[in-house]
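Here come two complexes built around chain A, the first alongside chain B, the second alongside chain C.
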Partner chain A sequence: MIRAAFGCALLAGAFLVTTRPDAPGSGPFDIPLFNTAKVPDARGAARLVYAASPFGVAVTADGHARYDVLIDASGLPTPSSLGEYDAYVAWAASTDLSQWERLGEVTNGQSIVGQVDMNKFLLVITAEPKGAATHAGPTVLHGTSPSSWLQNFLTHPLFRGVPP
Partner chain B sequence: MRRFFSIASACAAAISALATAAAQDPGVALKSFDEKRGGTDKMHMLSHVVSHPGAWKAADIEIEQDRERPYVYVSGFVNFDAQIYDISNPGAPKKLFDWTIENPELHRGIGAMDGKYFKIDNRYYYAQSFQFMQGSPDADLGAVIFDVTGLPDPSKVKVVARIKYPQSPGGFHNTFAYKHSDGRALYFATIGQSKALIYDLGKIVSGAPENAWLVGDVPNPTPFKQIGGGGYHDFYIGYDPATRQDKFYGAGLGGYSVWDVTKPEAAKQLFTITSLGMDVSHTFTPSPDGKYAVTETEYQYTPLRIWDLTAGQTGKTQNIDTPISAWTADWRDLSHNHEVRWPYVFVSAYEDGLQIFDLKDPKNPKTDGAWYTCECQHEHGFGGTPDNGWQSTTSVEQGAFGVDVRNYDGLIVLSDMRSGLWVFKMDGFNSWNGNDYGMPNVSSVQDWDNGPEKAATKRMVPLREGARR
Partner chain C sequence: MRWSLGPRGAAIAVGIALVMGTPIAAVAQGGMAGMSGAKPDTTKPRAAAPAGHVHDGMAMDMGMPIPMPAGMPMMPGLVGLTPDVGEFLPGKGVDPRTLPMARPSQTIRLKNGDTLDLSATLVRRTVGRNTFTMYGYNGQVPGPLIRVTQSATITVRFHNRIDLPSTVHWHGLRLDNRFDGVPGLTQDSVKPGGDFTYTVHFPDAGVYWYHPHVREDIEQAMGLFGNVLVDPPDRSYYSPVNREQTLVFDDLLVNADTLIPFGWDAPDFVLMGRVGNVLTVNGEPHYAMTAAKGEVVRFYLTNVSSSRTYNISFGGAPIKVVAGDVSKFEREERVPSVVLAPAERYVVEVRFERPGRVAIVNAVQAINHFAGEFEPEVDTLGTVTVTGSAATPDYAGQFATLRSNADVATDIARYRRYFDREPDRTLRLTVATSALPLATVQFMNVDTAYFAPVEWMDGMPDMNWLSTGKQVRWILHDEASGKENMDIDWRVARGSVVKLRIFNDPKSFHPMQHPIHLHGQRMLVVSRDGVRTKNLVWKDTAIIPVGSTVDLLIDASNPGDWMLHCHIAEHLGAGMMTVMRVR
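Up next, the complex of A and B:
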């Protein structure tokens, strides 16, 4: 009985990880997105889902996991209301902001962009001219990949850095 | 009989007046929270600047000490910026400069926390510490160093260096710029590991290779080290003319510790203060001669404690565990940072604003003046995460965050998390030199030109004929 229940739990766990869910939530693959002052009504969240692969888990040739990014957004105004912009574009940026990769266009509702194969990255959505290959417009939504929150025990803010 | 009642009535009125003037000295009634406005008679509020829009406005504050440089630096906290004000007219501070981290909208953390100015080879610098969370850009950034020699011209203020410490993401919470007796300008910084770092500021601003900047560290001897925690939170470094030692007074997780940093590359532990209730040790400031100290522990309802350090300083004990007295502005709250200008202690007392008490009798601290700067709702202080605007419904950590005192004229500046920059004077406090009180002239103020040994005996030149001390 216990073994059967354990097996069911494993199957359920595998299902949760490998299926493409309807909407991002607060799990270990989810990225809460935060708005900026330019778009106070914008809301968003993203989920990393394994890119299509005959092997179930998608990786690059050198072994980095490849993800599509499912983005749920709402409250984004028409891009032109922010300036001479035609679209919202999602970017994956390294945490030192030295490397930016264009992931694709984003609209209100669900968008799937990607693929991203960085380990730790920022997910940044900006307003841009149509077809922009480099980021230059204002940021409207941004979040941090779940992997960026891993930290060694020594740096855990048990004390310093939390209270002023 | 009528005369008796008349005298009794007058006495009661006098006691009542004292009660409203003297914070929570023994026997004094507490103010209700919504009455915490304005200040006591001896205090004069010269100016107030709302330094940012929004709920949170400032962390720590620093004032320059040279007469010809009337500049105040305000750390912008979660606004991620450093501001410089010209206070040549203390009644009307003028903002000269405002520098914000690049791409601020992508950063997450508590931001610009502590600022210290220093002087090397006739050039003035300002070090702004930052704290960004793991996963945010600049999580490895500790401080940005500006050359501010060209003030008041803001176009002449330049970033000259950035101190990064990737081994412990999360930045520098507190810092201390110190003119060491060996002539070097040193920069002490907290990190998330169980030690404080010591940088050579001369090497940093002269463009020396980054691997030469860090010259030493001071371990925190806390038992919390065993579980991987136990960093310092704050510290004070001062010269002890009696022993001719440079001494580090550190507050951190587990308690307080005093180190001999005469050789910064090889710090030697002298003694500790550990005891019940001391685990969350926050601030540790000694008297100019190192005999007494004021400490803070960072939790609600706790007072500032006063210690006699004699047994530790003379080597009679390795640990001190019993304070000699305590002081609080209001037992329901918490007082935060402080600056000692013996016998006065200037306190940035969170919800209780600026508070000043004296240690003329260290066993009986007395409140001298106060000004409420927070004007906020009790227990709605800083907490939570950036996602809820750092807003808590239980914390008393809001209001007066940092305080600094200009020694040559006794000007007091205060940074309030809720309300910004404030400038004050207190009657009877028109300058400070420790020698006037039978103490070495030692405080957080550094003599960048002459070093601490000469500073300890330096006489103050009065601001003008007839200036009161």
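Up next, the complex of A and C:
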């Protein structure tokens, strides 16, 4: 009974242009980066920009979006201040941390690092020896792709028949 | 994500396919009345479908009549609801047995000065195991492939023999404004039984298409579309290939053995546009062709779907992209796949190197909103059987070469000085809603954390189906004047170069990509999100992803009143259009 009444209810009134509340980033392309205790003054943000493509929208043959990653960082100390390190390196990691892809080196200011084509990923910046191919050093900045915020409604009342 | 078929069931504004909430008959008589942003009175009770357009046996059974993605339940709050519109399918009152079966597209080669009779008619069309009453041009789906030489001018005598008003829009052609086919703007709509004569000029080489500009969500979806191939006089314009082939991509929304009816007094599926579950190539769900080993085929690709954006590949066969909507690229490129938004065209060359079966696939990462996950969606659209015999001549060498097109680069060079200037106009893409089902509103209010730049699938077809042109108004918002859609006063001088910035607001109620189409002119996508386009091509349609800012440079050389609109048919039908007046 409640369901039927709820289902038939309509909102009446004039057309409204409604805006949505702020998402974790300001859009589907923005990644706020959070610092760790090792670098209390470090700040950062990343932006995903479609990789160059004749179609404007860059995807792989199986449909994964391909983005260039732009990182804007500040307050990063000299890597050697954290140990035997020479550079900061950005990595894209799958959400279960099983896959890590080296994107490129990051400095204070703007850095354009490599491309990422994961549906959801973590963006992790670590201090590493020069040319490190695998991540081993301390994490200084990290964030998650906007797509990682995709919500799960499996248990949401909207799908369980309970009025919100 | 696989689609399952739910229980059977089912559920005009015309003018530029667009007059919200205005019945077809009224628009046929009244032209542009209602185009100036008039809003439907949503307080009225549900409008009765006009006589002659209610389909017996198609009444809603109050169950879920549309297919849902497998594993996704319908929201309880939507159960039992139906769209707040009357319903329509072609051919009411017509005995389908009296209708001809639709035939495949046939090529008609026309010379300068020739005349073509083009009739929109009812046809019977078999799609898979089902036969439906649909539309076709000259009894064909796709309509006849019109093949002409660049700079030709032809006459097309259009005969409207369907049960709706119609027109023919010549998509992408920089032709005389009087023949652009926009009812209420460049001509009156052609009533059923009426005729209209178009003079069609072809200034640019490439692949173009024609379709109605009246209720595209119905007429185009039901089969009214066809290609035009404009051959360049210079035989070396393209690289040599063994064969040329047009591929027209479309999708139909079918539940078991019936088409899902269309909204009569306003479009339905207006939030996302109608995304079909039966994908077709050249009207066939199982397209097939044969190629010789090593054969190089030049494909002319066109997306005529109402809403679906494709990601097309050829089973790993190498693809070279050659041209876009209105010109070749500055440079040919190898690509893994071709992203094709509604109304876009691309010219690609593919070499089938190994014998065997090559699948033409659409492969995307769909979003399962229920599970909060991405899921691969792969649809085989057709097959190419590559035989063991070698293609002759062997064009492997030419295919391996990526040409630079000096003619295109030289043409575009004249416009580079405009690339970095401030935009002449900025449009923000957004949406307004009223009287949507409460459950839809609530869901949209809680599902705010992420919206994909491009939605490749309809992940919430129940909500989408229930949204109509009475409840949703898609908006081109002019940032300078605050005006919207047809209220925008946009005048430009003939011969000027106009920089148009379009921002797709990610914070709107329902953010979604929009393929924005400009009639009668050509434009360059000079940058996306501040990044300069590295390989330019003249376009007439450009996809604007959610959250993106795209700068377009318009060569406003063709005088007249030209529509700029979203080419998602239901978005157009819900008002997302304006006019650029070039004098």
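One rule holds in what follows: the second predicted complex is superposed on the first by the 128 of 164 C-alpha atoms of A that agree within 3 Å, B and C clash if a C-alpha of one lies under 4 Å from a C-alpha of the other, contacts with A are read in each partner's own complex, and residues count from 1 in each chain.
By our rule, contacts are C-beta pairs under 8 Å (C-beta built on N, C-alpha and C of every residue); 3 or more make two chains touch, one makes a residue touch a chain.
Computed from a predicted structure; not experimentally measured.
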{"item": "Superposed model, chain A: greater residue contact from chain B or chain C", "value": "C"}
{"item": "First (chain B), second (chain C), both or neither touched by A:124", "value": "first"}
{"item": "Contacts of A:40 with chain B and chain C, given as first, second, both or neither", "value": "neither"}
{"item": "Which of chain B and chain C A:53 touches, first, second, both or neither", "value": "second"}
{"item": "Contacts of A:149 with chain B and chain C, given as first, second, both or neither", "value": "both"}
{"item": "First, second, both or neither for A:139, with chain B first and chain C second", "value": "first"}
{"item": "First, second, both or neither for A:64, with chain B first and chain C second", "value": "second"}
{"item": "Touching partner for A:32 - first (chain B), second (chain C), both, neither", "value": "first"}
{"item": "Interface residues of chain A shared between complexes with chain B and chain C", "value": "120, 148-151, 153-154, 156, 158-161, 163-164"}
{"item": "Chain C-touching residues of chain A, taken from the complex the two chains share", "value": "3-4, 6-24, 26-29, 49-50, 52-65, 119-120, 146-154, 156, 158-161, 163-164"}
{"item": "Of all residues in chain B, those that touch chain A in their complex", "value": "59, 103, 105-106, 108, 110, 113, 131, 134-139, 168-171, 173, 190-194, 224, 228-233, 252-253, 280, 298, 336, 382, 386-387, 397, 401, 417"}
{"item": "Touch list for chain A against partner chain B, complex", "value": "32, 34, 36-37, 93, 95-97, 120, 122, 124, 139, 142, 144-145, 148-151, 153-161, 163-164"}
{"item": "Contacting residues of chain C [partner chain A, same complex]", "value": "39, 42-43, 73, 75-81, 309, 311, 313, 316, 321, 324, 329, 333, 335-341, 346, 363-365, 367, 369-374, 376-378, 430-439, 441-443, 446-454, 456, 473, 475, 505-509, 511, 525, 528-529, 531, 533-535, 537, 542-543, 545-548, 550"}
